Amino acid sequence: MIIVLSLLIIRIGRGLIAQFFANKRRGPFQITQRREATLNKLVVNALSYVVYFVAFIMILETLTINIAALLAGAGVAGLAIGFGAQNLVRDVISGFFIIFEDQFSVGDYIQTSGVEGFVEEVGLRTCKVKAWTGEVHILPNGNVTQVTNYSMHNSVAVVDVKVAYEEDIERAEQVISKLLEELPERYEEIITMPELLGVQNLGASEVVMRVIAEVNPMEHWAVARVIRKEVKNRLNQEGIEIPFPRMVMYSRHDENENEAVDQ
Amino acid sequence: MIIVLSLLIIRIGRGLIAQFFANKRRGPFQITQRREATLNKLVVNALSYVVYFVAFIMILETLTINIAALLAGAGVAGLAIGFGAQNLVRDVISGFFIIFEDQFSVGDYIQTSGVEGFVEEVGLRTCKVKAWTGEVHILPNGNVTQVTNYSMHNSVAVVDVKVAYEEDIERAEQVISKLLEELPERYEEIITMPELLGVQNLGASEVVMRVIAEVNPMEHWAVARVIRKEVKNRLNQEGIEIPFPRMVMYSRHDENENEAVDQ
Amino acid sequence: MIIVLSLLIIRIGRGLIAQFFANKRRGPFQITQRREATLNKLVVNALSYVVYFVAFIMILETLTINIAALLAGAGVAGLAIGFGAQNLVRDVISGFFIIFEDQFSVGDYIQTSGVEGFVEEVGLRTCKVKAWTGEVHILPNGNVTQVTNYSMHNSVAVVDVKVAYEEDIERAEQVISKLLEELPERYEEIITMPELLGVQNLGASEVVMRVIAEVNPMEHWAVARVIRKEVKNRLNQEGIEIPFPRMVMYSRHDENENEAVDQ
Amino acid sequence: MIIVLSLLIIRIGRGLIAQFFANKRRGPFQITQRREATLNKLVVNALSYVVYFVAFIMILETLTINIAALLAGAGVAGLAIGFGAQNLVRDVISGFFIIFEDQFSVGDYIQTSGVEGFVEEVGLRTCKVKAWTGEVHILPNGNVTQVTNYSMHNSVAVVDVKVAYEEDIERAEQVISKLLEELPERYEEIITMPELLGVQNLGASEVVMRVIAEVNPMEHWAVARVIRKEVKNRLNQEGIEIPFPRMVMYSRHDENENEAVDQ
Amino acid sequence: MIIVLSLLIIRIGRGLIAQFFANKRRGPFQITQRREATLNKLVVNALSYVVYFVAFIMILETLTINIAALLAGAGVAGLAIGFGAQNLVRDVISGFFIIFEDQFSVGDYIQTSGVEGFVEEVGLRTCKVKAWTGEVHILPNGNVTQVTNYSMHNSVAVVDVKVAYEEDIERAEQVISKLLEELPERYEEIITMPELLGVQNLGASEVVMRVIAEVNPMEHWAVARVIRKEVKNRLNQEGIEIPFPRMVMYSRHDENENEAVDQ
Amino acid sequence: MIIVLSLLIIRIGRGLIAQFFANKRRGPFQITQRREATLNKLVVNALSYVVYFVAFIMILETLTINIAALLAGAGVAGLAIGFGAQNLVRDVISGFFIIFEDQFSVGDYIQTSGVEGFVEEVGLRTCKVKAWTGEVHILPNGNVTQVTNYSMHNSVAVVDVKVAYEEDIERAEQVISKLLEELPERYEEIITMPELLGVQNLGASEVVMRVIAEVNPMEHWAVARVIRKEVKNRLNQEGIEIPFPRMVMYSRHDENENEAVDQ
Amino acid sequence: MIIVLSLLIIRIGRGLIAQFFANKRRGPFQITQRREATLNKLVVNALSYVVYFVAFIMILETLTINIAALLAGAGVAGLAIGFGAQNLVRDVISGFFIIFEDQFSVGDYIQTSGVEGFVEEVGLRTCKVKAWTGEVHILPNGNVTQVTNYSMHNSVAVVDVKVAYEEDIERAEQVISKLLEELPERYEEIITMPELLGVQNLGASEVVMRVIAEVNPMEHWAVARVIRKEVKNRLNQEGIEIPFPRMVMYSRHDENENEAVDQ
């Protein structure tokens, strides 16, 4: 009956949408590739919601249930439904603005509402984010109030290097700076010259020096690993000590040892 | 009376539903096995709610209590009931979307609202999640706003290996990489070649190297245990030190020991 | 007057309820023993609420206070009462679903809303949970949104065993596995063979191995204590070291000791 | 005028209430002593609220302010007052249920809403809880959603005893068990035989064994102190070591000491 | 104009209030001194609110703005104002109950809503609390839901004394008890005999014994300092050791020191 | 057009306000200097809001948009606007009470809602607080529910001094007290004699003694630095030890060192 | 159709806006450069919202959907939409005040709602903040309740220097002060003389001295790095020790070593 029809419409709709996006690529409206994947998934998603909704209304009407009265019905039931449904409305409004303002697209790496990962799908009501360890986070759009998008600009790899207090800071700076100049040639993912910022911290046992490098979006983890290894090797070669935790110990003879005496 | 009738209807309904799902398997509509278990439980669950609800209304009518007036009744009581019942409505709406959007099915391993485990049942109002230590978490669907589903994609086993600062990082990398190449042959649950990412951290006493391996959903715990054991054994064989916490100690003679002197 | 009558009705009601449950056991409707205790307490609880409520209304009517007007009264007072009373309605609705969905029964061990213990009573508005140290937690049912029930399935006892890095992991695994095979014979509360999962963690000073055992609900604490003792004794017998925290110490002579020099 | 009259009524009321409770003790209605103190304070408290409220209304009427209009007044002011007053209504409803359900009485030791102590007074709107260090916590009843009552059942004293890894666990268990058997004779507040549960934890430096003892409500602190002292003394006598934190130290000669070398 | 008049009325009002409270002391109504300071400040505070409010209304009327319409105005503006003003109403209601129920008075030491100090002023809408370090906390009364009042009952000074594991607990108890008996004579602020509760904790390196002393409200800090000093001196005299943190160290020769070997 | 006119009015208004405050100083109404700065900024701030608001309304009317209908419009849009605007109303009401109750003025050092600093400006809707490190916190007044004002009373500088357990507490107290008596002469910012409270804590390795000094508002940081330096120097001169962390170490020979033995 | 027209209008609008801002610079209204960038982006942003909104309404009207009825529709749907849309209204109101009150402009470094970075864009509904590590935070303006703006005033670089307890504090102060006087000459980003505040803390092993320097907005990180390096070098030259963590160790012979004895 109605259900079968709906399924048919959805199947046909998908085909048309795919075709439309195929045409669009040749058409006058340039949409970035990035948004296209997002819109394609979204339109399919929206289509199925609309078709199912219409089907649902039609079934209800077939069963001669008065929808208008139901929706406008005041009183206890209406109050309860109205409050209960506000989350649904909030989710759809939020979803609309995510697309409209291009907050993120399918494939971006984002962090929002305590989860982090690559966007798999942006729907009308929910979006799906896939973490790098494989699990999929499914969030209602209303939870996505505040988004951090890592794929819009270049990332920055940050490496903190520890050097012993005994070392000459000037010399350590020269050694590290010389290494950093060599890196862009040897590793193509380091697109700009990494920079040695200086003494970030005077720690309990070590002087902390900070190195940063601007890289393509989301390459900062890999680049930071490379820099860490290279700096460690170079400091070893140059004989600059990377310190272990240190402690100065004053030994006192406990003259009261075998007697019960006060301290 | 009405109650007995309701119980009868539910019993018959269960039979029909089971039969329906049995037929469906042979029918034209392909539902994945995964969704079938979910839907079967859900339809039974929904049936009992509907039957009991109708029975409840009929009993009230028998007692000549005017339900329409009750539901539409404004004033204090209506207000209180309306607010109190909004959670109920929210739960049912959420439950509907969990099924409709296929957020998770019976048997999936999910994390939501602070609990973690395998889904046992998805009902109209609540769902049940069984933790691996045996306890059952019962959640109203309205609490399931944000779901993490571990059963949709492959998982990733992550193992951090500690190597002493004195060791040659290049050699450690070669030893570990060689081991990782051998693993897929010896353990069939490791379906792809594990990967050595590099120097994840320069810790206080050790260089931390990260190994990852993509595995079937939820096998990452077992695989990580295997990799941990193998890497530990191989490093031992190759004489590469896994370091204990270290400290450099400067001993000073406390010349002021037995005198009251300032420090 | 009315109060005395109410007390009488409640006393008679309790007798009838007790008799009814006694009959029920012989009757055609099989209720599990577990639910029976819950329902018995609940019906008594509900009876007293209803009787007192009717008595309260009758007293008010005696005092010729118009209740209908009071309840339906809009305006400031109505608003305040309506909002204030919503918690009450929420509690009763929640309580109804706890019983109807059989989330837990009297005697179950549950965790909910930050408290943990055995259920003592499930009422219309509140339930009582008794902790193992003796205190009673009294919760309004509206707080019981998310329940963890430990009494539905078997529990799992988890024991983490620490073994020194110097030990041969293979040998330690064999020794522990052999012990675990002997345990079900010697302790009848261990109903299934405990399992050695493998290397759970490579800690700072020790290799952590995990042992799990499936046991009857809520017996996991006692069984874990037994396994802990047995494993500790067996490792001692076999000469496998359970390590203390370790540290590698590099002593340096502080050549600057009695001079004011830079480090 | 009205105020003076109110004060008179309250004073007379107190006398009547005291007399009523004195009679009640001889009357047919058995109220437990525990509830009597609570009800006495409550009725006095409620009386003064009611009298002051009536006086307040009368004064307003004297001043020809139309109360009905004020209370029923819609619009901005009504809205603000209605929302502002909902806490008041919530407090009174909660207070009513605390008494009606006998959640706690004057003199009980309870924990609720982050405070802990003996109940001093349960009023219509607030209750007072006195901590053992002397300060009084005053809570609106609406904050008392979830109560932990320590005075309903016996308490359990829990003592964790640390024993060195070198000791024989069997022997330590025998020594402690033998001591526990002697305790009920020597201390009358220990009403049941304390029980040695077994190995609660395999700590970093010690084996932790747990002793529990069921005692009268709120005596668990005193009993735990006694058991702690007795167990410590007995273990000393028997030569079973209570361990200090331990550490295994590997000393390495730092051959690079006076040279700037890599580690 | 109106403003000048208001200022005059307030000034005259203050005089009358001061005179009234002066008379009251000779009058028949006994108010405790403690409440008098509170009421005095409060009445002045309330007076200025009322006068300014009336003046504000009169100015508006002068400007021919229709207040009644404004206050009763429904629609968007009314809704916004109604919600925005609910905090104001809540504060005044809370303030009324703080006075009416005598939760605290000017001069009491209280803790509420994260701040702690002596009450400086209780107004209709806010109260002021002065911390012992000089800063003044200004809280709307609506934030004062839960109050801890330190000035209603005697305080308890709690001192935890650490004694070495090697010491004889019985002897330490005797020494401390003997000291405590001497204290009330030597320090007049110690009004009752301090009490030695017993072994509060078996710590990592020390046996903790607890001493408590009931003192006048808010004197517990000073008394605790005195007891701490006296107990420390006495234990020194008696040769009972107050232990430093302890550690048992197992030195192992690291035979693999200069070779790259496995651990 | 209207905008230009508004800007003119605001400019003229500022001049008039400045002149008014200049006159006021000579006038009969004494406002403290502290409030004057606050009021001056506030009136300018309020003026611009009012002028812009009127201009906005006039522009809308020019565009023949019916404002009254818009503001009173019920239905969906009205509901949304009403709820959305409640924060605005709340902010203005809060701001009014901050000024009216003189909670803080421009120049005061306050702490509120997680930020801390000197008040730069108090406006109708927001206030600005400048931290000592230069950043400006801009808070809506509705967030300023609870304020801590450091500029109303004298501050108290608190210095905790550590003394070794071996030292004689009496002597240390005498030495410190003698120093404190000398301080007010040598440092003019110390306006009252600092006070030695006594033994604040018996720490793990040291006896902590507390010194406090009442100083002018916000001078406590500077004074505490001075007292710290002076006390440290004096204790050094007098040979009273300020202790480093201490530890008692029991060395045990690890007789099982090179054998695989149990511990 | 309508969509194409909208896109055209937006494109033309952007040109006009750019031209307008170009003219403005020559015009009589001086807007600071800082606000100009903000307004330019904002007007473009607002234009597209308005055009799309009008287009959306026109499309709906083309489809003969009655908008007025939709917006004013009461009942269930209206309630749900009204509540769901309140966030949208709140965001726009907040955004308006951010611009109107000049809380921050494009290019400022701000901290708000848990994120920190340079403002990239301020829109009607959201604003974008770019962190220094490259990721972009997208926040609805309604979340921006409380802003910390680092670009309004000069920043303060804070450096804490640790000096050993054995050193003479007076001498350390002189050495550091002398260095600080030299710094403004050698580094031009240090615009004012850095200041040595004094002894900030008497730590466990070191005396902490604080140095502060006022610098241009957001230069405090770079300047703090320079001061840290210079102070460290100077203290080394002058032979003033920067201490490692210290500990006093009392070695006791463990006479009970090989015997099972009590401690």
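Every chain is named by a letter (A, B, C, D, E, F and G) in the order it is written, and numbering of its residues begins at 1.
We take it that contacts are C-beta pairs under 8 Å (C-beta built on N, C-alpha and C of every residue); 3 or more make two chains touch, one makes a residue touch a chain.
Worth saying up front: this structure is predicted, and the values here are computed from it rather than measured.
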Turning angle required so that subunit C lies on subunit D, C-alpha fit (0 to 180°, nearest 5): 50
Copies subunit G and subunit F - interface residue numbers shared by over half, same or different: different
Separation of mean Cα positions, subunit G and subunit B [Å, integer]: 36
Inter-chain centre distance, subunit A versus subunit B - centres from mean C-alpha coordinates, in Å: 20
Inter-centroid spacing, subunit G versus subunit D (mean Cα positions, whole Å): 45
For subunit C, residues contacting two or more additional chains: 73-74, 78-79, 81, 83, 85, 87-88, 165-166, 205, 242, 244-254, 263
For the subunit F and subunit E complex, residues of the former touching the latter: 70-74, 78-79, 81-83, 85-90, 92-94, 97, 100-101, 103, 111, 145-150, 152-156, 158, 165, 169, 197-202, 204-205, 207, 214, 217, 220, 245-254, 257-258
Residue ranges of subunit E in contact with subunit F within the complex: 52, 73-81, 83-85, 87-88, 113-115, 123, 125-126, 130-140, 143, 161-162, 205, 222, 225-226, 228-229, 232-233, 242-253, 255
